[in-house]
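Note that chain A is present in both complexes that follow, paired respectively with chain B and with chain C.
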Partner chain A sequence: MEDFLYEAVEIIQTIWDGILFGSTYALIGIGFTLIFGAMGKLNMAYAGAAIAGAYVGLAVSLFFDATIIFVFAVSAVISTLLGYIVYQTCFRFIPTHNHLAALMASVGGLFFIDELIVLATLGSPMNFPGLFEDAYFEIGPFGIRGDLLFVFLIGIVSTLLLLYVLFKTRLGMATRAVAQQDIAAQLCGINIHRTNSITFSIAGLLGGIAGAMTAAAVGVLSPVMTVPLTIKGLIVTVIGGLGSIPGAIIAGLFVGAFENFFLYIRGIDERDMYVVALLFIFLIFRPNGIFSKTINRD
Partner chain B sequence: MDFYLNLINTIGIHTMLGLSAYLLLQTGQLSLAQAGFFAVGSYTAAILTVIFQWNIIPSVLVAMLVSGFLAFLVGFPALRVKGLMLVVATIAFSEFVRMFFYNLKWRVTRNGEEIGPDGTMGFAEIRYFSDNGWSNFEVTLFLWSFVILIMGVIWWSDQSRTGAVLRAVGEDELAASSVGINLTVVKVSAMTAGGFIAGISGGLYAHQVTSLDHHSFTVLLGTFAIAYPILGGLSNVFGTLVAVIFIQGLLVEGLRFLGDWRMILFGLLIVLAMNFKPLGLFDKQTMDLIKKAIRV
Partner chain C sequence: MKNISKLIGASMLLIALSIPQNAISGGHSLKVLGWGAKSGPLKSFGVNSEAALRSAVAEINAAGGVRMGDGSMAPMEVIGYEDSACKKDEAIAILRKTASTTDAIVGMGTTCSGVCQAMFGVLQKKRGDDSDSGVQMPILADTCIRPGLAKISDWSFRNVPNEITMYDELFKWIRTAYPNVKTFTGGSETDQGHSFVTYTAIIAQMAVKHGFQWVGPPVPELGPKVKQGMKELQAAAKSQHWLMGDTNYTVQARKIKKQNADMVIVASHPFSACGFMKEMKRQRVKPKLMVGLTSSASQETLNGCMSAAEGIIIPTGFAPITSEAKKANSIVSKAGGFLDLHSAAAWENAYLIKHAVERTSIMGKPSTLQEDRRKFRNALASITSQKGLIGHLTRDGSTGEASKPYVYVQVVNGKWKVIHDPNS
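Then we have the complex of A and B:
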């Protein structure tokens, strides 16, 4: 009985930590979903830009001894800039109906960003400053890691800000209009390229925060993080339903919990296999994700 | 000399890999699973020649069938998800395969030596060619006979009704189905054929490099597989060949002195190529120019 209780507490603790960490996946998923909603295209360079932002933030903290908040801000700004650049170089001038070319171009963008990071850091992982690492709250038998809680709170704040921008401002209205029907939006006098580049920048902003959050929660930053983060982000986007923001949030937290649970019971080598298997289960039984739209755009 | 033979072999293997994605791209399916099928093919063929001591030709054929069957199975659920969802599903599939081989341990003892796939350590005892006394030149001939065969078959299918059907599905699914083309059959067939070709190239790759490692089968390889036909253009098989020669021969080997800058250049090249030639190097415009030049 003792053992069983101990085990149960451990598992709940694991899942709880996973949910907190899952907020990073949720943010990356929101970024993918925003861009997909706006243009019906995948921006594969997105997670790469997020990690690149975190790297620049880290560089700033190394050279200027900056506080962690400043590091997060720099990451977000750089990633916003990268989002804008990726739109201008990989999407702006490619014919809208040509999905292949845009996808391929953004993959090229991912390589470019990834290899720049490798070149700048010589490919070795670097330590990232965590925050509130010593803080540890205890509620009954459970504990909450301070750094994970911080990451989670930042995730919530940025999501709320995003929802405010999307649903309460004119900018958000324009973004949603382009997402719903780009030709009609254009007829109403909305400049599609301007709106799209703003959407890419907003997604980049979230990505930069998510990149810094991931790095702060893991404690290291490494160029090999970009591809797994891209894959996890895409999985979250699909599980949540392409184009659905609440779906991305729930799916992100869920994938975080799921992944941490299998990390606990099966070990690090097999963890990602189960996450992928989860995606397949969704593709077979619920191909449109948790929050499927009534009209399937693609 | 060996260096050039190796380079020619690499070009041959990557051409086959590119062609396996070429067929799928013609039907408008963007699959990043080719690296997964390639990995399955290479491990299957290597296990057959090393652990079961088969001859190489039946091993490669079985590898082809296994990969093709797997592609057939992947093809069905993939049909439920179109377009960009397919990209995600196939990335996930190829990662799943890679992690499967990352965890695969199957060691047997033969002649006092332990052989077979060894999980994270990779699979290093694939010495079929050297054990049977093949010279490097013979290996290259053997490998390229497969390349030429596959290129020939796809070239022929491009000229025939098969190619027209594949293209019709790729251009406009609704229009294609309205003239009586069965979309499911066409798409799953293309997926299966792609799996066959990727399986062959994987089986040959395993024996050419003599050791396998899960690191070789990442999403990067799948991206290369689709990059060749997209950069080369989907109008004919030579576009893919030219793209492979350009990327593997010139960019990866020829510019070796540039070190890490090569990959940056590669990324930049893709971005530029897609902006200026969204339909690939050998698009209609280029083909018309070539045809004119040949006639004059």
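Then we have the complex of A and C:
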């Protein structure tokens, strides 16, 4: 009985930790899904730009002894700028009907950003200031990380803000119009490139916050983070439903819990195998993800 | 006609430009070519090793150079330092290119054990074996610490401490220096061969050998001999390991917290070691002692998690404890590098080359290249002891295994401090 209770507590704690950590995946997933929703294309450079923003925020803090809030603000601003640059370099001049070309261009963007980080830091991990680092609440046998709770809240607030922008503002209306029918939107006087630039910049802003949040949650920044975060972000986006912001949030939390659970019961060697299996299950049985509208697979 | 002349002129210019500088250099110099990670997440390895190698070569040349077979003094020349990015295919391609298109007498690379293992595999296994078409080019590696690599080929050489001895002696010392430490557990990154194998085949066994009790998941097979219970340990403790690029260590840290060991082994490279140690700190895991992987005894660990790493003890093949080591450290720092266990080996390797060349009659001319490489290999193989930066580098002639001196360092007040020198 004691063993059973111990295991039950451990599994609940594991899932809870996973859900909280999944909020970093959710933030990355929102950026992917926002761009996909607007353009129908995947921006593979997104997580790279998010981490690059966090690096610049960190560099500023080292030079000016800035506060953590300032680090986050700089990360967000730089990632906004990077989002804009990624659009201009990897999407704007690529033929819109050629999805593979844009995808490959953004993969190139990811490696380019990655290599820039390596060039600047020699690949060395960098200490990243924690947010509410000492806030660890122990409630009975359970422990809750305060910083991850904060990331969780940021994820919720970001979703609400994005939904507000998308559904209650002219910019959001323009974004949705371009997403639904770009030629018709253009005929109505909407500047497609301007709208897409703003969408990429907003996604970049969110990415900057996500990158800084993730770095603060780990406590370390390293270029080795960009590819795993890109993969997790993509999985979250597909499971949540391409283009669905609430879907990205739910899927992020779900994937976080799922991978932690399988790490606990099956170990590190099999953990990612189950996450990828989950992706396959969704692709086969629910290819449009949790929240996306049902569309014909063909 | 005018156009044809222009075409011929342009073609000749193109051909001239496409010939590598080193291939047409007929000067009397001793040429070496290095490679290491100059891109990717392990870029610091290559950058530091290149700075150390070039600085040591500059020092050698400033002191007169290398005595060649005809009695003259010639400068040592680093004809290139290629980027192998710590990738097997890149390193093998560079090795083949170096052997066939350059007049480098020796190839110097490349830090990462897995890459060396693959690279040594394309070398001729036994020298003089005409049935083996493997590459006949001496390779002198800076580090590549995984035990057993030297025996892959007669042409492969390393400058590394013996990891088995290093951890054996470390736990023996901890036994007396920290008598209140009795139990241990730990974790490693499973996608990094050196970290994971060293932890499960050497570190855990050496801890058991010196009386420390394993308190992780039950592994009755775990014993004091190298590899004893390795597979069982890998299987039993699989949920307290991680991957190099992981960002979440909550499960692993909590498992280790529950085990309440006196000593926690963090067998991992700096990024994931830092992530894990920070998570341990958050969860208030406070072991009496932490022991790390030798690859983490570097500036990267301090950059990543100085505070969380406070107190960790790691054996390392370099620390500025002698006047030579301090001088080398200062020179390499000025050259934009950093001396650590990896790059210090690159510095020492330059002197090993000088020593080997001066033991034999190498001419350093394109016409004698193959003969020079053979002579150099034999001379290098005959060196069983040579002064290094912190003591004597030795090599067992029968097994080919190198053994360089090491010290134990600890993070104290945010800096690496030598806490014990087994040779003193």
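Observations, loosely collected:
Criterion: the second predicted complex is superposed on the first by the 287 of 298 C-alpha atoms of A that agree within 3 Å, B and C clash if a C-alpha of one lies under 4 Å from a C-alpha of the other, contacts with A are read in each partner's own complex, and residues count from 1 in each chain.
Going forward, a contact is a pair of C-beta atoms (placed from the backbone, for glycine too) under 8 Å apart; a residue touches a chain by one contact, two chains touch by 3 or more.
Remember, predicted model here, so these are calculated numbers, not experimental data.
In the superposed model, A:127 lies in contact with chain C only, and not with chain B. Shared-chain residue A:189: touches no atom of chain B or chain C. In the overlay built on the shared chain, the residue A:225 is in contact with chain C alone; chain B does not reach it. After overlaying the two complexes on the shared chain, residue contacts for A:13 are found with chain C alone; chain B is out of touch.
Contacts of A:24 after superposition on the shared chain: chain C is touched, whereas chain B is not. Legend: residue contacts after superposition of the two complexes on their common chain; A:242 is shown touching chain B, with no touch to chain C. With both structures placed on the common chain, the touch criterion links A:115 to chain B and to chain C. Looking at the shared chain after the overlay, A:140 reaches neither chain B nor chain C.
Chain A residues in contact with chain B (one complex) as well as with chain C (other complex) are 115, 118-119, 227, 269-270, 272.
Residues of chain B touching chain A in their complex: 25, 30, 77, 80-85, 87-89, 91-93, 95-96, 99-100, 102-103, 120, 218-220, 223, 226-227, 230-231, 260-261, 263-264, 266-271, 274-275, 278-279. Across the complex, chain C is touched by residues 10, 13-14, 17-18, 21, 24, 115, 118-119, 122-127, 130, 133, 136, 143, 145, 214, 217-220, 222-225, 227-229, 256, 259-260, 263-270, 272 of chain A. Across the complex, chain B is touched by residues 36, 40-42, 89-90, 93-95, 98-105, 107-116, 118-119, 227, 231, 234-235, 237-238, 242, 269-270, 272-273, 276-277, 279-280, 283-284, 287, 298 of chain A. By the touch criterion stated above, chain C contacts chain A in their complex at residues 37, 39-44, 47, 190, 238-239, 241-248, 250-251, 254, 270-271, 274-275, 278-279, 282-284, 299-300, 303-308.
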